[in-house]
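One chain, subunit A, appears in both complexes that follow, with subunit B as partner in the first and subunit C in the second.
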Partner chain A sequence: MCARDHVGATVKTQPFLRSFVTPAALCALAFLIAMAAVLQYSLRAYIPGSLDPGGLTLANFTALLKPLYAQVFLNTVWICFLTASYTLIVGYPLAYALVHVRNRFAKSAILITVVTPLFLGEVVRTYSWIIVLGNNGFINSILLQLGIIETPFQFMFTRFGVVVALVHVTMPVMVIMLAAALSHIDRDYLEAAESLGAGRIRAFATVTLPLSMPGIIAGVTTSFAWTFSAFATPQLIGGGQVNMISNLVYQLGFASFNFPFAASLCVAGLALTLAVLSLLRLATRPLEKMGPH
Partner chain B sequence: MPRSSFQRLLDIGGTLVVLAILGFLLLPAIVVTLAAFNDKALLSFPPQALSLRWFAKAIAYDDFREGFGNGLIVTIWSSTIALIVGATFAFALDRYQFRLKAAIEGILLSPLVVPHFTVGLGFLILAAQIGLMRGYTIVVVCHVILVLPFVLRSVYVSLRNLDRRLELAASSLGAPPHLVLATITLPLLLPGLVSGWLFAAILSFNEFTASLFVTAQRTQTLPVAMYNYVREYADPSMAAISVMYIVATAALLTFANAFLGLGKVLNVEHGR
Partner chain C sequence: MSSTAADMRRDVPQAAGGAGDDIAVRFSGVAKRFGDVVALNDVSLAIRRGELMTLLGPSGCGKTTLLNLVAGFFSPDAGQVLIGDELVNNVATYKREIGMMFQNYALFPHMTVAANVGYGLKMRRLPRADIERRVGDVLALVKLAGLQERKPRQLSGGQQQRVALARALVINPRVLLLDEPFSALDKNLRASMQVELREIQRTLGVTTIFVTHDQSEALSLSDRIAVMLEGRVRQVGAPAEIYAQPCERFVASFVGDANVLRGRLDRVAGGEAIVALGDARVKVSAVPLTGLASAAAVDLFVRPEQMQVSDAPGPCASVGTVAAQIYQGGHVDLYLDSVDSVSGRLLVRLPGHEAMTRWPIGARVNISFDRDTAVAFPA
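Up next is the complex of A and B:
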């Protein structure tokens, strides 16, 4: 076995490497078991008043077809789509600035500002947005005092309010992925385009934008998946008026203890994410070819 | 001539757009700070009188104190375990061929895409089945799985950037593998290991959705305690604790940036 080891060619075979796989394999196993538990529960009957599930059934999945639940699924996908699109539009200029700004202080300042929300956690971010968007929150107070509006503008409990807060959540990861792609574009291409007479807008549209396509795809895909995972934001800003799958799962689990149905929602949600993400991949494949290989 | 003035306009416009976006990102932090120092319980902008009473109240609130303590326990265990698992696996990924390599890597990276409420529900069901409902174990295991992708990436990137010739030199001078590891590889990897641990710790301390599922009353972490508080009360102690959170996180990240080069770890800058 050691004789066939290609890695040993560079440094003397490191004998500890094989044992290095074990902890990771155990973690992977634990995660697989947890996911298998969800799958297993999704196929079991719900016994009202009991935490233990009943026999095997497909009833949970047929119940998902009810208009009430189908509506939540559609709503979730639509919110994810809106969030990913807005994040891309707002995140691109920032990623561009992060890569191209020369001043080191400005670069660090942009980086810290962009990255901090990523590490703040959903509750702090959501609470902060409630204070910004609420009926006697920051924006409404300012607009009322300036006399621009006479009644508070309703952001809370609307899809728009939820999407604004979610764009803030997914911005860091979008900017990081775009900036990674932008920073790996060879500047010589841009200089070549400009020396051949292309203006900056034209150079951007014909060189930078196509070459950053892999970053755009990675960023949109990740924001989509993260938005799908959001819970506190739709729960607190949506306040029951804007429901996503996560909110339904929580309600079913902790208000009615219907874990089998909650599990089937998770399974269907996961299938839906994977389906949408692979569609997105498929649809953007021609675009991806424009990027570097 | 018209061209250069057009370019200047483009520059100014671009700068304004970037400043506006940075403003959007900073707005919640600024507003929550104003609210935290406001003397009144009701929100009012701009604040009429300043006070520190909400900070005092937040620090004295039992659920926040316990949540902070529980959060520290969970964070230290899970980020340390994740560092060991992630670093060893990054090594194996970089330098060793084994069966199921791609499969294990795929499974360990998948929590980036699997919604946290699904991960949380999975571990909750698992805990109920094996009778671990009330302890820290299930919370720690769940957090390890969730932060592992970030540690793995951080260590893997530094391994890739490491100059293998240094190891070769030590090895050809007769150093046995474990000595090469201890005296050459690990010291060179230190920034990657520290930033990986730091990311894991910050993410674990802030993790909310999955924690809501897997924590019990006795093990609830700070974000869960804060969520419960927001649902019940509307006074600015929540703003005060948010400000402490934001300041601590920004300080840690500034530190990480200054000493470890955040740009390189996040792969948004060239290593050259």
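Up next is the complex of A and C:
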């Protein structure tokens, strides 16, 4: 209601936006139809050997409760959680440096390093990680040649390998959101803290960190939601050993041609995403109040 | 209330020894540059214990840099900064035991008033009960008792400033640093906050360094003023001294209103010089005119309230025509056109309101000065 009022007001004050209303409505309609199609597929019976679905049924959803599938859902949530956490841990110092480094070249270097993943396709990026993480890959060959290890580390086909590649995917959005939050923190707050007896670390913990909380929440939420729908990365690096919801949907839909069941997985996945994000929002509400506004 | 103040007062040793024991902050030969810009150039200045010293000057004069050197946000390129007897050139800000009030107050937006004020005490790891008590005391001192649980954004500008002051004072700082604290307040509030700040500062006896570009603020608040220009301290003295005996042109024109009249040096006798202007011979201090030849052009600086106008015929310093009258309530500002004025205009400030009818626009008047009030500098 509130959002609609806002849109109405914006359109009124900026008349040129009116010409966008029709295409926007058409797009929304197309998305709605697609969603409706998925939803109705998920409620139809699977006829083995046929691409056409059968009559209405809830069997697809009851089948989802099998431990095999539940395990994939849990695994997905866990991978999302790990990815979001690691992205935050690696991204925060990067964002901090991006905001506070004075040298223009250093700033550009950080920005380019961080943002480049956005310009590479997911598949290209994932193949690069295979080159880095493989048994004969960059990391292992260096460690082997230096004699630090005798047998290669197993990065490929492990959850760790998948998470590493996914962190790379979500890093740009995390760093940009954190940098936006950090750049809004007035330097005077830090100087005030220091003048009152706080050393660098305590000033960071009591002032910078809480004031950047809105950025942390936005970054974690977004990277969580992005990771939830990851497909190529777990497919290629997980190699069937690490399965996320998208991989399961792919297997069921395009290996078994069980469209109704695949559709029900999509619906359940979507519901789970929304549920987890709402939970996240609920849990972070007290933290959000720490922000500057 | 008075017991609160007594609790918070630092032990001020009554100066028994020489004046040297009584210095709270000392700069000696301090220099600082930022890239090619020289911010401070060989500044030496001593601030006495318990006094309110104002650093006054136009923007870019180095006054804020000097304040930040005490705060420790950076260190000097040359020279020494001492707080008490301690050389603090390379002492980190958080170890300096200073209280600073920022121009925009810099209250932590995510903390309540109590948490803001108690922050410095918490950093000093005081017990929670002590913190609560001292926060309550200092909030009472700044007349904000009971607002502990508010957030800064729920406070008015004046209240925010009181919180900022309380936060800086509660840690019993060795020096209180104020960076243009009144610039964000409207005029009426500013006046009342100035009075209050002065009262609190006197009560606590806390050494205070106050940075401002507002000369009237400096005159009304300070024990002493250091007037700065282009990275140097130009004159240090009590407000009355700075106003009445400026040591150079810049100080004379920056502090207070001044009329500048072009005269000629008549003669120098001892510490005094006589300047000829019209029929008048004006006695001034010879110090700023050292080395000037007789009959050299000099500029006389005369304050608006030290000029008199009359229509009685006879010898006078200058003549002028009333160009504008500005009624100011307690006094009248007359603007006169005069050829002797360097700018072509003179400002004469007359008490009461009679001048409005006595000296109508267009009236020709004779101008004279009060005895021994003018200062002169080489033209």
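To be clear about the criterion, the second predicted complex is superposed on the first by the 275 of 293 C-alpha atoms of A that agree within 3 Å, B and C clash if a C-alpha of one lies under 4 Å from a C-alpha of the other, contacts with A are read in each partner's own complex, and residues count from 1 in each chain.
To be clear about the criterion, a residue touches a chain if its C-beta (ideal position, glycine included) is under 8 Å from a C-beta of that chain, and two chains touch if they have at least 3 such contacts.
Quick caveat, the model's predicted, so the values are computed rather than measured.
J.: Mind checking subunit B and subunit C on superposed subunit A, clash or fit?
T.: fit
J.: Can A:I33 be said to touch subunit B (first), subunit C (second), both, or neither?
T.: It touches subunit B, and subunit C stays clear.
J.: Per the contact definition in the header, classify A:L211: touching subunit B only (first), subunit C only (second), both, or neither.
T.: second
J.: Comparing subunit C with subunit B, which touches more residues belonging to subunit A?
T.: Looking at subunit B versus subunit C, the one contacting more residues of subunit A is B.
J.: Which partner chains sit in contact with A:V123 here, subunit B, subunit C, both or neither? Use first/second/both/neither.
T.: After superposing on A, A:V123 lies in contact with subunit B but is clear of subunit C.
J.: Go through the superposed model and pick first if A:T57 touches only subunit B, second if only subunit C, both, or neither.
T.: Neither partner.
J.: With the two structures laid over each other on chain A, which partner does A:G199 touch: subunit B (first), subunit C (second), both, or neither?
T.: So A:G199 meets both subunit B and subunit C here.
J.: Have a look at where A:T158 lands relative to subunit B and subunit C in the superposition and call it first, second, both or neither.
T.: neither
J.: For the superposed model, what is the least distance in angstrom between any CA atom of subunit B and any CA atom of subunit C?
T.: 6
J.: Once the complexes are superposed, what residues of subunit A are shared between the subunit B interface and the subunit C interface?
T.: 199
J.: Within their complex, state which residues of subunit A touch subunit B.
T.: Touching subunit B: residues 5-7, 10-18, 20-21, 23-25, 27-28, 30-35, 37-38, 41, 51, 90-91, 93-94, 97-99, 107-108, 110-117, 119-132, 134, 136-138, 141-142, 145, 168, 171, 176, 179-180, 183-184, 199-201, 222, 225, 228-232, 236, 245-246, 249-250, 253, 259, 262-263, 266, 269-270, 273, 277 of subunit A.
J.: Going by the contact rule at the top, pick out the subunit A residues touching subunit C in the complex.
T.: Those in contact with subunit C are residues 186, 188-189, 191-199, 202-203, 206-207, 210-211, 289-293.
J.: In the complex formed with subunit A, which residues of subunit B make contact?
T.: The touching residues are 3, 7, 10, 14, 17-18, 21-22, 24-29, 31-32, 34-35, 42-45, 84-86, 88-89, 91-92, 95-98, 100, 103-104, 107-108, 110-119, 121-126, 128-129, 141, 144-145, 148, 164, 167-168, 171, 176-178, 180-181, 199, 202-203, 205-209, 212-213, 223, 226-227, 230-231, 238-239, 242, 245-246, 249-250, 252-254, 257, 262-263, 266-270.
J.: Quick one: in the complex, what on subunit C touches subunit A?
T.: 71-73, 92-100, 102, 104, 106-110, 119-120, 123-124, 167-168, 171, 177
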